[in-house]
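Here's the structure, in structure tokens; my notes come after.
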Amino acid sequence: MSRITLAHANTIITSALEKGAELGLKPLSVAVLDPGGHLLAFQRQDGASTLRPEIATAKAAGALALGVSSRTIGDMAADRPSFIGSLGAIAPKGVLPAAGGVIVVGADGFPIGAVGITGDTSDNDELCALAGIAAAGLKPQE
Amino acid sequence: MSRITLAHANTIITSALEKGAELGLKPLSVAVLDPGGHLLAFQRQDGASTLRPEIATAKAAGALALGVSSRTIGDMAADRPSFIGSLGAIAPKGVLPAAGGVIVVGADGFPIGAVGITGDTSDNDELCALAGIAAAGLKPQE
Amino acid sequence: MSRITLAHANTIITSALEKGAELGLKPLSVAVLDPGGHLLAFQRQDGASTLRPEIATAKAAGALALGVSSRTIGDMAADRPSFIGSLGAIAPKGVLPAAGGVIVVGADGFPIGAVGITGDTSDNDELCALAGIAAAGLKPQE
Amino acid sequence: MSRITLAHANTIITSALEKGAELGLKPLSVAVLDPGGHLLAFQRQDGASTLRPEIATAKAAGALALGVSSRTIGDMAADRPSFIGSLGAIAPKGVLPAAGGVIVVGADGFPIGAVGITGDTSDNDELCALAGIAAAGLKPQE
């Protein structure tokens, strides 16, 4: 598996939103990016606020930017807030230090894309991202 | 009520400034935005400093961006400073973590706009925003 | 009809892509925005290049920014290139002067969103946008 | 007269909008800036599109930025498009090469602010700006 297709991306989003509905979460926004950080597909549920597309994208793009999940970026920001804060100025899509952004890897372990979700708690956002990735038969970066 | 008109916006601003005068507050700046975060009307009182238009706008635009008042964003920033700080880079009009930015909702509970005020204490700024919204016969988001 | 729902947006995209397939067009990217210019849904077909999300978004966001289709903005740019060129610096999502960005209006004639498509010729992009809007039971701005 | 007050700014806007109504123009957006290019007051009429606040502001701010009306900047752009085009990247509020942005001068001939209007033809926009300035008892830069 060397590439996330649009079909994969749509499955990830649909499954993530189903997971959110199953858990009774707030309206979610889900972005799927290619390994270069460019949007493949996105959906924002009714009632979600206006910056959610940028937040979902920044969780995923930031993960690809640093090579770790946005949860790990959140941990890094707790230790080194100025370092993470300084990245906003040089990362066109942002780097968002909160769980919900997960890198998807191919069979060789290299990133083939990323998923970013926002809307509920960061933990729940991430849980839905992982559910979406699994539903598409893909694997998150460990 | 599905739309804030310019007439509403002018009433909100005039009434907010009257409230400020009644309370003897410092010079205020008041922005009223449509639900997409675009300016409908703005007034800056004599003596207010130069960034006040951007601050008032960022309070209101940030509230719409995240779907909560700028007071709540202030609370979020106290808990998670790096998360809120990271939004500045991806929100063209900013996200300002201090009271004074209030979402206005329509009959169906969806945002129809927002008001942002700056100039005095954040608490007083918010109080004037609420007074303006009430004077226009509109409702703030709970 | 005062609001484009996510269900509408997904129908618009699916139908626009079906139209593209029917016509044998190159890989398309389709963005659907709310009336404030914020993304509701997006899909990029396999093989489309990296800036397509931004181009599709800029066609739709530019249309909402100026209140006319991106085709009309293209005509304006032919007459007044410096005027249209100057807008890029003040429009966070850009203003793109080429057909394919179409405003969707509600029963009262006000914008309720916009569709932006890129990938094939501008004329074909627009044709797919119109097909998508019609399939969702919505109306383009005349 | 060394300063445009908020009262002046409100009179300029109200009078400019009255002129527009008298002439049957499309919905207008009117910005009044202080001599540093910072917003004093703004109103956007119902039905005006989303980028109008930025366009009105850029007409006025660009005029102050270069010390000439935005009509003159339009003439400059016709002669030297790359020069005017390059300013967008360094002018935070933009430089807009089309009539409708007019500098207001004090008794000593120095700028005390500027008015920017957008919504109808550039000529009509400028005509309303001049009407507003005159109604406030102020003088445009010759």
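By written order: A, B, C and D. Residues from 1 in each chain.
We take it that a residue touches a chain if its C-beta (ideal position, glycine included) is under 8 Å from a C-beta of that chain, and two chains touch if they have at least 3 such contacts.
Computed from a predicted structure; not experimentally measured.
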Interface repeat test, C-D vs B-C, A-C or A-B, passes over-half contact pair overlap for A-B
If you tally C-beta contacts across A-B and across B-D, the winner is A-B
Chain B to chain D, mean C-alpha position gap in Å, rounds to 25
Averaging C-alpha coordinates per chain, one finds the centres of chain B and chain C separated by a number of Å equal to 30
Chain centres from averaged Cα atoms put chain A and chain B apart, in whole Å, by 30
The positions of chain D in contact with two or more other chains are 50-51
Touching chain D in the complex, chain B uses residues 3, 5-6, 9-10, 34, 36, 38-46, 50-53
Per the touch rule above, chain C residues touching chain D in the complex are 35-37, 64-67, 80-83, 85-91, 95, 110-111
Listed in rising order, chain B residues that touch chain C in their complex are 2-3, 34-38, 92, 110
Per the touch rule above, chain D residues touching chain C in the complex are 47-51, 54-55, 57-58, 74, 77-78, 81, 84-85, 88-89, 91, 93-98
